[in-house]
Structure formats: structure tokens, C-alpha cells
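Below: a set of structures, written as C-alpha cells.
Note that subunit A is present in both complexes that follow, paired respectively with subunit B and with subunit C.
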Partner chain A sequence: MKTAESLQQTWRLFLSRSSNLLIPILAILGAFLISGLLIIAWGSNPLEAYTALWSGAFGSLASIATTLTRLTPLIFTGLAVTYGYRSGFFNIGAEGQLYLGAYSVVWIGVTFSDWPGWLIILMGILAAGLSGAFAALLPGLLKAGRGINEVLTTLLINYLIIQFFEWGLRVDHVSKELDQKWTIINWIGLKDAAQPYPKSALIPESSWLPSLSSVLNSEFFTTLFGDAGWFQNLVSSPALTRITLAPVLGLVAILVVYFILFRTTVGFRARAVGVNPEAARYMGIDINRTIVSSALISGALAGLAGAMEILGSQHRIIPNFLLNAGFEGIPVAMIGQLNPLGVGVSALFFGALRAGANRMQIISGVPTHLVFVIQALAILFAVAGTTIHLTKKKLRPRIENHRHENTQVSPEDKVTDA
Partner chain B sequence: MLEQLWEILLSVDFYVAIIRMTGPLLLAAMGGLIAERTGVITFSMEAMMLLGAVGGVIGSGVFGNAWIGLLTAVMGGMMVGLVFALMAVTFGANQIVTSVALNIGALGLSSLLFAMVFTARGEAVRTTITVPSLSEWRIPLLADIPIIGPIFFHHLPLVYFAFLMVFVVWYVLFRTTWGLKIRAVGEHPQAADTLGIRVARVRYLALLFTGAMAGLAGAFLSIGVLNTFQENMASGRGFIAYTAIVFGKWQPLGVLLGTLLFGAADALQLRIQARGLPIPYQLMVAFPYLVTLLVLVFFVGKATWPASYGSPFARENK
Partner chain C sequence: MSSILLRLEKIRKTFPGVIANDDVNLEIRTGEIHALLGENGAGKTSLMNCVYGIYRPDYGKIYWKGKEVHIHQSRDAIGLGIGMVHQHFMLVPPLTVTENVILGLPSAREPFLNLAEAEAKIRASAKRFHLDVDPKAKIWDLPVGVQQRVEILKALYRQAELLILDEPTAVLTPGEVAELFKVLKSLTEFGLSIIFISHKLDEVMALSDRITILRNGRVVDTVTKENTSPNELARKMVGREVFLKFQKPEQQPGDVILSVENISALDNRRLPAVKNISFSIRRGEILAVAGVDGNGQTELAEVLAGMRPSINGKLRIHGVDATNQSPHKILKMNVSYIPPDRQHVGLLMDFSVRENIIGKSFWEKPYTRGGVLQKRPIQQYVDHCISKYDIRTTSPNLKARLLSGGNQQKVVLARELSRKPDLIIASQATRGLDISATEYVNQQMLAARQDGAAILLISSDLEEIFSLADRIAVMYKGEIMGILPVQNADLHLLGEMMAGVRRLKSIGEPEIIGEDTGKV
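And then the complex of A and B:
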């Protein structure tokens, strides 16, 4: 009766997986429902407002492009929080790591503006990842070595980085040859000396992430697909000129993080430590090393969020250039049920809300602020739903209620640690 | 440059500003300290302050009396405390995630409520309005003392209340049965439960108190300083209050010191900016965070924070 057993197992697996899908969907619907009451109280028609919101997010090529631009950094910060959380490192420092990542990219682009574009992109991405990881290093070490709560340390480091960022934006970036009063500080600072405001120079246009249409028009793809009809149609679609490579890289990142987390030893160790450090220790996993490496990976992902925003969309930094995208990584990860694939979907939800908010205000008169309320309600419902669901299933471990998904080792998780 | 710095440091006005800027931080931090001591994380004080700020403006504007504004501010803050308690205590949801959600939601809801109350139908969304505000109390006789008088005895009533609360919170925590219950719940909820203390009720009440105090802190900003509401008015002060609790190692006097440090740093950086001194003012802003980090690394042991910190309690866990 092996087939019956395996069928039963598959069914159970499906149930446990579908609740992961069902809860966020119900949470989002509930959020729209309750917010609808607010819209009525405001004196507008909820249906009209939501239609405008939808068309602002997906109604035209331009709005889809905006949605994709908004969602890209959220994918990366959502992944950063997901990876950290899964491994027991609750990274609420994504905000600072993102800012430091963006700073590094702009610094590379402005300092080495004579480099070819592809090299700036490559080195910029590398620098952003490294600086994000650097920002998470100390919290990782302190948690591993001294058991100091990473929530507190990552939060504090956010503020230190943001103040560094604000300072750097007010120090002229000039070269040694041009300015007699040059000091090392002018080398670090990023303010465009020609501007009266705290604003960096643009990175060279050659280093802006190319649009999808120019990628497809490159020699590689044209020789590969040549005159295939579908390819010609795709290339000539005007939508692709407005969408850059950044969301595609976000998609790649989702798959890579999924692979690392569920298909490699590094990811297995991380999750084992996240679920139960004591058990992981008995399995022979070096807990301290795992905590530090998870912190570094999480920080690097958040740093990349900054790189994507700069290379793909803003091309320069200004104060508050991407406010709260780091903190929003936390709800993105939670609504995504701490699964990289789920992060993609919840980042889309968040990005679409932001992209459609303006149109909603213009057409139905409902202030853009409403989307914050929708987001908050969706998170609250999703978190409450997940927690209640797990309590019912009596899956909740004694102290940490939130390491839920992995309390039961599902078949695909049975990766042996070499 | 050094002379100008001395000039700032020796001016009475600088110290008046320190006390004034400490006010809202201290109010929120003293409220938060009580809830923190019961073992919950008060990362949602930012949301409580925002709803307190808008609640204050609404109450004051609608009823034409700033004192009613204080009442509505308290209600606004307590509303957030109640939702947080429902999520964290009753459902056992993750407290940081819940707090982040509340902070995002309060950012939107506070601006939305402000627009709802003060914008007539069909009118463009109003962003500024002036409402009756709290006025400063000059303490007779004491305010006449040179230097000390203006620094300490000519402030909003909320400032006196905040400093008074340091003593009250200390007294309640360490000299009353309530305080014993609060600390027992924070240190060992299972044991407290065995002794017949209702863990959930203590945490609910503590969070409502935090909401009320952070609501007052919000009102301090809206009807105490500006007489209006602005989007994202708390601008991180809720997080600063939280940081001050960490800095003070969960002790009332330490927390007072922490809020004073943040207040002083803020007062100093504003003056450095205003005079255009060639000192990076961001260094002043960052300084208290840096000190808190150092305190955390060098002076805070695992035993410093409440043992059940951040984890929910369910009776079947016994």
C-alpha cells in the first residue's frame, strides 16, 4: 500500500502548502474589504477607487513599468529578511544596508566614470553586495559571539549608516587634480560640487541598466533567434523599452535564493540553525559560523536592493531616495510566507499598491495614504492568520512561535549535511 | 569655531531646548518601559505617537480645547496599544512584524484621519490648519531663579508630567505589588501564572499604558509645539524612545539619561546647523545611537533585558 501512503503524504503536503497560499490571499482581500469601509467614510466609491488603483498599477505599459520599478528593491529587501529570518537572524537593518549599497554604487560610478559601462555595473553590484554584507557583519558577530539581540544592533546601525549617507551627500566629491583644498574627505563624499543641494552626480549613462528591448536587440539574441516571428514581435513591443533589466535580475535573485536556501548545504545549515539551534549543534553544525554567514548573505541581498534602484532607476542618490524600502522588506517577507517565491508575489502586491496610489487619488479623490492602511491591514491579517493556523495545528514550538514553516521537516527539506 | 561651540554650550537657551526636546521622548519611553518590563517589545511606539499626534489635533480642533486634545491623543495611542496587544498577546504573533505593520498603517491612517476631519467634501485635501494649543506653565517663584528658572520651570505641563513620571514609574516598578507583578511577568511568565498572576491581563494593561503615554508624546509634538499635524510627524521619535530604553538598560533612571542624551544631541545639532559651524551635524545626530550601540556591546549582558523578552505566552506551555 505504498502508493496510498505516498498519496496521503502528498495530500498532506498540499494542505500545508495551500494554507501558505490561502492565508496571504485572504489577508489581502480582507485588507481591501476593511479599507473599503474607510473609503466609504471618506465619501468615495470603493469600487471606483480600487479600479483606479488597479489601472494605475497595471492599466498601461507605463504603469506596469512603474510597478516593476517599485517592486524591484522590495524583492531584494524581502529576500534579505527572508534569508535572515529563516536562519534565525532577524535582520531589521535592511534599510541601512540598502542605503550603504546605493552609496557604494554611486561612488563607483562617479569615481570611475571613465570605466566602460559594463564594468561599472559589475563592480557596482559587487560593491553594493559587499557593503551591505559589511553593514550586517557586526550584528552577526555580536549575535554569534555574545548573544546580543540582532534586532537591536541592526536597528542602531541603520541610523549610523543613514547619518553617514546624509553627511556624504553634503561633502563635495572633487578630484585631487582639480581642487587644491582636496582632502581624503572629498574622496569619500558624493555631493555634486556643481549643485546647491545635497545631491550626487549621475552615474555615467553607459552604466544605466539597459532596457529589455536593447538587451534583446543585442547581437547575442538576434543571431540566436534571428527572424523568428515571435521574436520580432517581442522586440518591437514598446513595453520593453520602458522596462529595465532590474526586475529580471530580481527574478533571478528569487530563484538563486530559493536554490541556496532549499538545495544547498549552506541553506540547509542556515535553516537548521533557524529552526532549532540546539538540535543543529547536535547535528554538528557550527552555529556561530552559520549565524555570521547568514547575516552576511542577508546584508548583501539588502545592499543589492540599493544597487538595483540606482543602476536601474534613479542613477543618483539624494536624501531619502528610497525611504522605508528596507523596513518594508519585513512585511514583504512575512506576507510572502518566508518563501523566496512568495516574496516575489508579495513584492508585486506592495509595488502595485505604490504605483497605483497616485492614480487612485486623482480619479477618486481618496488620498494616497490609504495604501499604507491597506498594506498594514494585509500584514496584520496575514500574521494573525498564520499564527492562529499554526496554533491550531499545535505546531508552535514553546518559545519561538514564528519559525513555523520548518517545524515539520517536509520531504524536500531532507537534505543531508555533508 | 571652538568659541562658537562654547557660546552654544554656555547659553541658557540650549539647556531649555534640551529639556523641551527630551519631553516627548521621555513620555513615550516611560510608557514603553512598563510594557517592556512585562516582556513585550514596544517597537510600535512610533505608531502610537502618530495617532496621538493626530488625535490631539482632532480633539483640540473639533472641541476647541487643547485639553480635550490631550484626551483624544491618549485614546489614539491606546487604540494602537490595544491592537498590538490583541496581535502579540492574544494571538501570539511576532511582535516586531506586528510593530512594523502598525507603524506603516499609522503613517497612512494619521494623515488620512487628519484629511477626513479637516477637509470639507469636494475641497482639495487640506494639509495645514491651526488648532488651539497647550501653553507653557510658568512655575511661580521657581521660574524667577536665574538660569535654573528658565531652564527647568517654564515649560509645557507635559514636560513636568514626563519628569514626574520617571519617579512614578520607578516607584511603581520597584516599590509596589503592581511592579512586582509586572516584573514577574517579564522575567518568568510561567512562574507568574502559577502564582495566579494573569499574564495576558498584565501585558494588556501595560500596553494600554504605553499607548496612553506615547499618545501624549504625540500630542506634545502636534498641539504642544506646532499646533497642527504634519505627515509622519513623529519622524522616528518613537524609535528613539525605544532606543533610549535599551540605552538605559530597562532602568527608569538610565532611560531618563538616554532620553536626555538624545534630546541634547538634537538640540546641539540644530544649533550647529543654524550657525553653519563646520562640524558635521550628522555626527551629533548619530552620536547617541553610537553610544547606545557601545552600551549594548560593553555593558548589557543577557541578564539585562526581561527574560521573556519578545516571546508570547500561552498557558498550555506550562
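And then the complex of A and C:
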């Protein structure tokens, strides 16, 4: 009897531990399997299609560069949603926070273009984080102070920010080269005054995140490998300039968020409030303060997504410069089972699908839209995985409630529960 | 003598490790209001769930109008003419009253609904039974009392002859309660029988014809209202013949730790739940609060723990004002609180055993440095707690949800008592636990008393109170009916105080405020 119970306990522990990474991987595999049937129905060979997809995502330096570029913002927005959800703050505003983050990075870059590159990078990242947090501040305060649903407020603030963004792209930014009368509005707007189009100037090249190309062209490597043929080949590849420090920072962010959530008092409080605010309050946690701090952290992470895109890849803002990366943070987080490490896996999956889709269409004739089917199926499986997980959890207390026949809750308390 | 509508014979229902009902015999007569009285966890609801087909009894027979019936699911019960109004209403909020009432029933014009006819029928029966409801109103627009009427209408529409109401007054205001009782009494005039589940003595006395008292899943007695009194009922509800004895060493109480002056508070429905309560507790003393559940004990504990605001009065801990401080401030005054609801308040069920044990000290040194949790000191502390409090878990990483009830409570105890608190507020700390776990918890309380803690022990178990308390306070309708040393207390006196018929002026001087029927 005793050993049976302890065996059961161990098995459950194993499940709860491994499911963090197991479910996302199984969900992705399941999605490919089912989509394979679709490809057969379409009249193509799924193996051929998937091989093409794979080579489009990982087959060459250029495709790897594309995959990495695509996945980086998704890591950050996925983390933003994950952190928010874990702490009971369902942040649907990553899109707007990302746009505001990108806007502030570019603003720093073009306004202080004479600063050294590293300083622009540093201040840009800081500004992006702060502005993302700022975008989430109001929803956080409203939820903490007035109990107003954050889903609604964060969602609506997206539109506010995106309209501001579009407006900013149509107002000339102050430029020393042009002799005009600048007003305060021009300090806010970001349009490149020298051009007629609604886009900003590029941030100075010195402030672009270092790429693999610049690393390999450094004195250290050139003297090390000199003019070995393969090295020359590698260095001459233009894809190298597109492989930057950004995905590495994404990896760092995954570890940092994991650390904050599971190894710090801030994360402990956030998760406690996310799981059960009443019990958290009982344990002496200030719920309102925790909600606001969680909102700020979540918003900051989404803001950083914008910084990575600007500093690492686009270097300027244009209308729709990174459409939907914020909203896609939600499925990324869901497939990742709301675990920072899982977010890494699912962001890679999303990035690879986007990068490989074209090649798949060219080679096997399967339309690029199939990747959205694969994506949707993976979400479906991941959510199904969560519910299996959840029902397992829920089954037990239900039995226990029967056991004690509602002894736990006095009827008065139940009223508020309902 | 009216005929027997429903008869239960030797009903037994068990859940893994717990006997919910055992050897229950019950007779319901046609046209009577029959109350099922008992503490939370006495087995009232599970017994009725057996009748309504939600559970299947392990053993025993159910007779309906003299014939044995087998009820496998609610549909069978409804088919026989049994209706049940659950504590949580089973209504669809965005739908109208009519739509809710006919939900699940075949229509006369399949596949189309016959709303007009249903509406007319509802109007007719609403008028007949004095159930004032607008059939076209949407459920979410209706106050709780009216929603309950819809539930009753739903049962009547299905031609129920027996109506089971599970704690129907728990969600109602006093005015709505009066209204409900009027409706129920008029229903019996049409020949309906009603089973009324409650733990409130005054309601049972006001409404029912006969009363069956359940305790620990068994029937204690069935009495007619005329031949009983509230204090007899109270005693039958909570009293036990066998007393477990604890070693309780004599000791002199020390200085005052907690003093409460004229505290008042509201419950979740914003009605007064605690009224002008004053008392104090000294170091090394256990003050037990006795009373039938729902007389303000829970709210009082919450006020003391900082979880619920007090609307007037003063609360002092160590002589320092602690009125309406946050739970955090209060626990930093070295106060422990064991809440009555372990699953929703006492524990973070999705957190590990380790995280729950450290839950009230994780921000302190040495468990945190610079905001980073320190693995090793936490592990040492948790390991110490797990062995000291004998928590049966395979790993400290196991989620609290996966532990048994007794072990969950041990986790709460470990967190609350290992901090060596000066004041412990223990609210229903042994509720739902088996005998051995109960004994363990009570021993820990005595050990804490030995260590010089002041303890406020709220319990609805008189046995527990007699064996642990130094002094006993009895609460009734939010007021303290009196505080007396355990030596001066006896079951009869406490029963009267719990039923609200006797109030102590001062120690040892009983003052009769109500008519005592004198039955013992």
C-alpha cells in the first residue's frame, strides 16, 4: 500500500517535471504527422516537402540566418506572455509593447547618432525595456487597483500605440543637416526628414549588434586561419552579417526569465499570485504590488523584442515593420507550456517554419500556407496536452472534495468563489 | 398518519479512505418538511447525492412510494419525481428563465422549441406556488434569491414530488430567507415533500416538521420539532460520548499577547458577522471558540490575521496596535494563522511542498540574499520540517495537491508552527482529517502552548475544545455569549449558549435570555 503510493507519487513527479519540454516536442511532432496526411492529399510527397522545409530553415548559412532572425523577437514576446501568464497577468499587449520598444530604440539611435555605438545599444535596450514596461503600467495599475480585466486593457492599448507609431512615421524627425524650423513635435516624430516616405532613418551602423561576420573578420580569427580556403569561403558569405548577437541575447533572456521565475523572491511572489491570489495574500504577499511588478516585467520583455529586431536586423522602423510578432508570442508561450525553456523550443519551431516555407513551395509545390496549418495543429496539440495535464491535476481535488464533502469551504466563502 | 414517500435503508457510501455515510435509515413522509441537520462534513450532501443519483451507494436500499428503486443517474431520480436544488445553482446565466426551465426536456414540437407554451406553463405554476418570477428575464439579471426560485420552478416543472434543497439559505439575505420559507411552506400544502439540508439551528426550528441529525455520516436521531429544542439539537450535532484525553499539563498563563476590544466585521455578503467582540489571550493559554459553524468564527479569525477589515474596535498584539494591518505586517508580529480552508487559502496547491513550507519566510535571511532564493538553507529548513512534522511525501518537489488531506495540513502546521509564533490563530485546524491526523494536530497545539504561545482555537468539535482549551468562548450570531474556564463548562451549558438561549453575564453567572424548553 505504502510502496504503491510512493511509486505513484514518483511517477506523477516525473510526469510533471518532464512534461515541460516533452509536451511541446510531442505537439510539434504530432503537427508534422497530421500535416503529412494533408500533403499526401494534396498530391505531394510529405518527405520531400519536409526535407525542403528543413533545408529552407537550416540547410545553408543563409537559411539559418533567416531562421534566427525570425525566432529572436518571438523568444522575447513568448517570454513576455509566459511571465505575465504565470503571474496571473494575461498580457495581450505584447504587440504594442514591442512597437513602442522599437520606436524608442530608433529614437535613441537617430537622435544621439553621434554617441558611440555601444552606448546607443545599451541605452536603446534600456529605453525599449522601459517603454515596453510603460505600455503595460496602466493595465497593471488598473488590474491591481480596480480589478479591471487586463486582457481588455492590454489589447486596446495595442491600437493606441500602433496609431502613435504610424503617426510618428509621418512626422519629420529633427535633423541637423536640414535647415528647418523644428518644433517639439519634431522631437517626437521619427520620419526621416530627407525622404518622402513614412520611414525612419537608419540607426548608425556602429550601433548595429555585432554579427558573426564582424567577429570572424576580427584580427584574432584572420591571423588564426589566415587564408585557408574554407575560411575565406566562410567569411565571404553575405549571410554572416545577418547572424547577430540578437539570438544569443534571446538565449540569455530565456535563462534570466527562468531564473527570475524560479530562483528569486520576485518570481516566487509572481507565481504565487498567479496560482492563487487569496492564498498568496494569506502568506503575506502584497498582491497589488506583485501584479504591477509582473505587468512591468512582462511589458519590458515585449519591449526588448522590438529592440532586438531594430538593433539586430532592420535598423529602422517602417509601417508594419514586424507585424504580429507580439500576438504570436501567445501561441509561442502556449506551445512552450508557459515555461521559459519551452518557449525557446517553440520559438525555434515558429522561426524555422517561416524561414523554410518558401523553399518548400518551390521544391515540392506545397503552398506556403501549409506552415500555418502545421502551426495551428501544434497549438491545438499543445493546448490538448495542457488540458490532459490539467485534468490530471483537477481530478484529484474533485475526489478530495467529495471526501470531505465540502468541509473546506464554508458556504459563505463559496459565494465569492462562484 | 401520512404515507411514506421515500425510505432509505442502511445506506452506506465510502470514498477512498473516508466513510461518508454508514447505516443510514431515513423516512420522508408525504407533505412534510424534513431537515437534515449536521456539521459540515457530517454526510448530509453525500447522502442526498445518493438519493439524486449523483453518487451510487455502496450498500443499502432506496424505496420510493413503498417500491424499491435503483437510481443510477440524476435522470432516474427526476423521472421518479425527485428534484434537487444544489448549493451552486445549475443555471445558464445568459439564457432566460423559460429556456433554463425547459433545458434538456423534449419539446412538443421537436425539433423546434415551444417557448410560448412553456412560458405559459411557467407563469401558471409561478402563480400557483407564489414563486414570483418573470419567465422572460435573463438569469444573469436576477438576484440570487430569484435564481433560487427558478431552480425550484425547474424542479416543479419536471413534476417533482420531493424537493431536496442543499443549504438553500447560505447564499441568501435574511429577507430572502423569510421569503423562501414562506414559499416552501406553501409548497407542502400542495402535497410536496421537502428535504432541507442545513447546519443552522434557528432555520431548522423555524421551518421543519421533523429533523434528522447526522454526525460523522451516521444518523444520531430523528425528532419532531415539537419534542426538541435548539440546545438539544446543538448537543446532538457536535457532542460525542467518547472523549480522547490529552496530557495537558497545568501551567500559569503569562502576560497578555492578544487583546481584542469591540471588534466588528462584515461577511462576504456585507452583513454584520462579528459584533462587538472583546477578549484577551495570555502566553501559554488556549482560548477555544465554540459555536455552530457560520456564527462569525471564520470572520473573527480573518480579522485577527489581517485578511478581513474590522469596521470598528481595536486589536493589540504585544500591546502594539494591529488593527487593520496587512497579513504581512501581522505575520511579522510573529502571529501564525491556520485557515479553515486549506485547499484555497492555506496552501498553494500547485506549488511544491518545499515552496509551501517556505511560503511565509522565503523573503527572510538566510533564505534570500539580494532577492535570490538560497537553495541550501531552504533545503535544510524544509528537510527539518518534513522530518519534524512527519510529512509523508516522496519528495519536497511534489505538488501540495498530490498529498493526502492530513499531510497537507501537516505542511500548513510545519510552516505556521516552526516559526515559533507568539500567537496562533487556528481555525478548524482538524476539519476533514482522520483521527490520527486530528490527534497529531491537537498534540502540536498543546506543544505550542507548552512553548508559551497564546492560542485562539476555533473549532466546532466540542470534544476537541474540552480536551484542549483553558477557557472557552461561545459564539452565536457574531456575538460572544460568554467566556468560561473549561472546569466550569459542561455540554448542557455550552449547548444552550451555542443555541443562543443562554448568555453569561460574567463567569459562572448564567442569565437566561430565551425560553429553555428544559429537555435534556
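Following the convention adopted for this analysis, the second predicted complex is superposed on the first by the 339 of 418 C-alpha atoms of A that agree within 3 Å, B and C clash if a C-alpha of one lies under 4 Å from a C-alpha of the other, contacts with A are read in each partner's own complex, and residues count from 1 in each chain.
Assume a residue touches a chain if its C-beta (ideal position, glycine included) is under 8 Å from a C-beta of that chain, and two chains touch if they have at least 3 such contacts.
Just so you know, these numbers come straight off a predicted model, no measurement behind them.
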- Item | subunit B versus subunit C as contact partner of A:Thr265, first or second or both or neither | second
- Message: Just checking: does A:Phe90 make contact with subunit B only, subunit C only, both, or neither of them? Give me first, second, both or neither.
- Response: first
- Task: Answer with first, second, both or neither: which of subunit B and subunit C does A:Val275 touch in the superposed model?
- Result: second
- Item | subunit B versus subunit C as contact partner of A:Leu249, first or second or both or neither | neither
- Task: Would you sort A:Ala52 into first (subunit B), second (subunit C), both or neither based on which partner it touches?
- Result: neither
- Task: Have a look at where A:Ile285 lands relative to subunit B and subunit C in the superposition and call it first, second, both or neither.
- Result: second
- Would you tell me the residues on subunit A in contact with subunit B in one complex that are also in contact with subunit C in the other? 396, 399-400, 402
- The subunit A residues in contact with subunit B across the complex are 38, 41-43, 90, 92, 142, 146-149, 151-153, 155-157, 159-160, 163-164, 166-167, 170, 324, 327-328, 330-331, 334, 367, 369-373, 375-377, 379-380, 383-384, 387-388, 391, 396, 398-402
- Item | In the complex with subunit A, residue positions of subunit C that touch it | 15-18, 20, 40-46, 55, 87-88, 167, 170-171, 267-269, 273, 293-294, 298, 305, 307, 326-328, 331-332, 337, 339-351, 355, 359-360, 362-363, 368, 371-373, 393-395, 397-399, 401-402, 405, 431-432
- Residues of subunit A defined as touching subunit C within the complex: 6, 9-10, 12-13, 16-17, 263-266, 268, 271-272, 275-276, 278-286, 393, 396-397, 399-400, 402-418
- Item | Interface residues, subunit B side, partner subunit A - complex | 41, 83, 87, 91-94, 96-98, 100-109, 111-112, 115-116, 121, 125, 231, 239, 243, 246, 280, 282-283, 285-286, 289-290, 292-293, 296-297, 300, 302, 305, 309-312, 314, 317
